[in-house]
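Multiple structures are listed underneath, in structure tokens.
Both complexes shown next keep chain A, but they swap its partner, so chain B is in the first and chain C is in the second.
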Partner chain A sequence: MKGARAWMAVLAATLLLAPLLAERGTLNDLWNVAFAVVLASAWNLLGGFAGQISLGYSAFVGIGAYTTVLLADAGWNPWLTLPVAAALAVLFSVVVGLPTFRLRGPYFSIATIGVGEAVRVIASGMEFTGGSSGLRMPSADFHFLSNYYGMAVLALLTVGVMAYVRGQAFGLALSAIRQDIDAAEALGIPSTRYKLLAHALSAALVGTAGGLFAMNFQYISPGSVFDFRLSLSIVLMPIVGGIGTLVGPVLGAVLFSYLQIKLLASPTLRDSYLFIYGGLLMLVMLFEPHGMVGLWERLVQLGRRAGRPVAGAPRGG
Partner chain B sequence: MSSLRVEAIDVFYGDVQAVWNISFQVEAGEIVTLVGANGAGKTTTLRTLAGLLRPRAGHILFDGKDVAGLPANELVARGIVLIPEARQLWPGMSVRDNLEMGAYTRAARAERHRTMQSVLEMFPILQKRLTQNAGTLSGGEQQMCAIGRGLMARPRLLMLDEPALGLAPMLVRQVFAALKEINGRGVTLLLVEQNVQHALRLAHRAYVLETGRVTLEGTGAALMDDARVRQRFLGEAGL
Partner chain C sequence: MRLLREFSRAVLALLLLHQAAFAQDVVRLGAVLPVTGKESKIGSAYKQATELAVKEVNDAGGVLVGGKKLKIELSLLDDTSDAAKSAQLVEQLITQTKVHAIIGGYGSQLVQAQSVVPERYGIPYISGGAGATSIYGRSKWVFGTLSPVEHLATTQMDFLQDLVSTGKLKAPLSIALITEQTEHGNDYAKGVKAYVAAHAAGWTIPVEQKFELYTADYRPLLGRVQAAKADLFMADAHLEDFISMQRTYAQMGLRNQMITYGARGADEKGRKTLGAAADYIFASGWWSDLLPYPQVKAFNARYKAATGVAPEWYHALGYETVRALLVALQKAGSLEPEKIRSALAELRLTDSILPGGVLTFTKTGQADLPFVVTQNKPGGKVDLVWPKESKTGEPVAPIPWQ
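Entry: the complex of A and B
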């Protein structure tokens, strides 16, 4: 827990102080990191804490992004669209959650793939969403730096919310649902209500991030915000980093954004990033199911074991 | 007062009927046991009473009110608590957190410190294990923890599904002694057990279930002496 606090302080200092020191290009990269931290940490609430692996989270990014663009088109101040983006994502999370949370384990995951794809197909086919060619934000003055701070604060808020939830009865209940849902129900924990709540809370955060995404990129399409590969990345980041932990999703998000930036810059590797993610995922599942956090803990333990004889030496000698 | 009347319930898994027209009752303060072989419908009956399954027909009256089809959390709030088969603790949580989460309903939460005290008095071994993960406990300790977790909900009717399953004989005796003590504190018990001898000795009354139907009922002592029971469940050779 103390270790987690130190990691979080590093994250907060990096994100908030970077604009004083870094170039625009670096800040762009950090914006991507913050965006990934929001997605991975928020997903981790439902997927990691409660153990419900959803493969449809791009739907929340997309709903947030489309809400922001459509309302901005209608003359709204983009910042004021964010609460609406969050609210619609929450509404959608409940509509989807009510039927899908009746399913367990892989059946739930498969159903969420269907939901995510359905939303993408609908967005590609409707007129008011601009079909498959997407939508453009109305041209207005756009301040990258305020958007950057918006995303940075949202990332820190997300991690803060997760740290808070984990210590509450709500967090324990989610953990009980993950570890043995039958026992949880037998003792009167209303599991469906809690899953819906976790889903809604993480949808609100992801929907807001989607709105900020639209503001930053000025242009969205079903292929960018409703992409299944986005849903997949959202799942892979916390798993590679350390599912169900506080720090894991953040580490995964940093690693993935770094990889993506590097890979996108290289013409030969541009299309291979999912291949590399897949490889990473297999390594994690085979060798370290607790991801980078587990690896770190193992290293710390090794270090301690190696350090012990030295520390005890004076007494022995 | 917390009496349970089960009136002619049918329970299905999909299209397969597991419980056929079962009726029985548990009076306030009683220990009642349902005995029967594998597949007789004992666990299904308990899960239905706990709200984890819905009966397709029949009534379940608890303190005179029909509670059939209510969700599990509502039933726990009314005092009906199931300790599921095979313990089903949350293995990655400490013993303390397991117990705390048992006191989930508002009324139980308010009393949780006092309840925890009495649970730890009943099972002193748990005191030493409080900070340990429940997954690291021995089988017997896990069962004590599971019973303790059930008690944390402050049940009026406590249902136990095979609490002696897989335990060494000495631990079985310990568990049954604990059940007697719990009953002595005013908790009504409904017990499902394959260890028929122990169960009949403990119970005031018992029902025998076979292929989803009640085939015999009587006091524990009477069923112990019943030739059919002795032959079927107590391993006595018949002709």
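Entry: the complex of A and C
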């Protein structure tokens, strides 16, 4: 836990101090990292802590983004749209969660794919969402720094909330649900209510991130915010980093978001980024199911055995 | 201490090298195209054309800027047909690669996403792959060589009206209007409906339907078209949707007097995939290799020799977009963004390969050139049938269904 705190302090310092030192290009990259941290960590609450693998999280990004653009187009201050974006994402999470949380294992995951795709198709066919063409934010002044700090603070808040939840009875109940849902219910844990709560909390965070996404890109379409590939990325980040841990989703998010844009920008590697991700995922699944955090812990153990302890390991992370 | 000194020297050397790289006498152009993903078929064609246009200029010694020939350094990135990545990569090219200008992508959604970025940094941006009018006029930095889709529809209606005037088709005519749920589709529908409203006596639209991009099954939609018994079938679709919809159209045995898919129909890929089912489809386009201009003939030969591919409209637009930017650069005589932008706004490319032969931009930054109409004929032949003065064959109307 001490190691995890150190890693989180590094993340906080990097995100908050970067505008003083880095140029705009680096800040854009860090904005992407912060966005990915929110998505991966928030998903980890339901997928990692409670073991409910949802493949429909892009729906929350989309709901948040569309809420912000539609309200901003109606004359709202974009910042005031964020609580509404979060509230609508929560509402949707409950509407979706009530029927789907009756399902278990792969049946739940398959149902969430269906929900995500249904939302995308509906958004593509509606006039008020701009159909497949999407919508643009009103052409008001764009303030990158405030948007940057908005996303950075949301990322830190998300990680903070996850750390807090993990140590509470709620977090322990989610862990019990993940380990054996029948045993958890036998012990008096209302599993459906806890799963709904976890779903709603993560949806609020992801919905807010969706609103900030719309503010940053100024243009959204169903193909970008309701995309199944986005849902897959949200799942892959915690898996690669270390599912169910605190630090894992953050590491996965840093690796996934930062490397993706860098690989795509590299003329020599741009065609191989999917191969690199696929390979990385296969390696994780086959050799280190606890992802990068698991790998780090193994290195620490090896270091200890060799009499050279590695400092700052994310133990308990 | 010695180690620290060595490290400092290395860092300093790297910094100097980095500065030197940006100080070189080159024109840095950035391009973000959908080379993989849903739009990859045409995105790859734009990539090929963009690279060829740059290579030709570099082979000739570079572009003349302020009396000095400068080589072009092209950074071409793949956005994987993802709008968010597309905008991020444009931003990356501007902030990290420090490009002097951006060549935009293909597809209205991707170009919409990209077109927000140039305004933030004040960098000229020109796209050859988006005709939706809503993209233009919002930023003085954004230019496009694709003429408005609405005018594409008007050209098709003029062509059909001419077929009525010459007695090939008999008025009044009813239209089944099928458009994709995008701004491209909306603009097309707007163009057709505006024409019909202005010529109410001759035309009606008994059925109008929208469809989502990359729809899996067109039978329900085409069932409604069949039930409407319209004379003409007018759709606006992307290449993949055109192929899929026309295949279903043929399987269901629909028979309209004329068929169009907007800009689609003459594409080699579509004709090869559909075979005889693509015969007699007419299409409006931003370009045709059949245009009778000497510069088009020269371009066709040059393109085929360099790539082994006979150019289609997207190759030509990709190529001409780069050429327009480079001519503007030359006229600007400087790499200053504002000067390049001004030169683009005032550009008059008089030897253009595009219809009309002269490329200029309107006040919104979008080109507004005439369209051509082609018609597929049996045996894989394509004829230019509009404008009349450039036609290579007679239009066949109505379709002689067997």
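In the analysis below, the second predicted complex is superposed on the first by the 296 of 317 C-alpha atoms of A that agree within 3 Å, B and C clash if a C-alpha of one lies under 4 Å from a C-alpha of the other, contacts with A are read in each partner's own complex, and residues count from 1 in each chain.
What we mean here is this: a contact is a pair of C-beta atoms (placed from the backbone, for glycine too) under 8 Å apart; a residue touches a chain by one contact, two chains touch by 3 or more.
In this text the structure is predicted, and so the values were computed from the model without any measurement.
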First, second, both or neither for A:Val153, with chain B first and chain C second: neither
Partner chain(s) touched by A:Ile261 [first = chain B, second = chain C, both, neither]: second
Touched partner set for A:Arg24, first chain B, second chain C, both or neither: second
Touched partner set for A:Pro190, first chain B, second chain C, both or neither: first
Touching partner for A:Ser139 - first (chain B), second (chain C), both, neither: second
Which superposed partner A:Asp182 touches (first chain B, second chain C, both, neither): first
Which of chain B and chain C A:Leu172 touches, first, second, both or neither: first
Partner chain in contact with A:Ser221 - chain B first, chain C second, else both or neither: second
Of chain C and chain B, partner touching more chain A residues: C
On chain A, the residue positions that both chain B and chain C contact, one per complex: none
Chain A partner contacts - residues on chain B that touch it in the complex: 50-52, 71-73, 75-77, 81-84, 88-93, 97, 100-102, 104-105, 149-150, 153
Complex contact set, residues of chain C against chain A: 36, 75-80, 82-85, 87-89, 91-93, 95-97, 108-109, 112-113, 116, 120, 132, 134, 138, 180-186, 210, 212-213
Sites on chain A touched by chain B in the complex: 169, 172-173, 175-176, 179-180, 182-190
Chain A residues within the chain C interface of the complex: 23-25, 28, 32, 121, 124-125, 130-134, 136, 139, 142, 144, 213, 217-221, 223-225, 227, 229, 261, 264-265, 267, 270-271
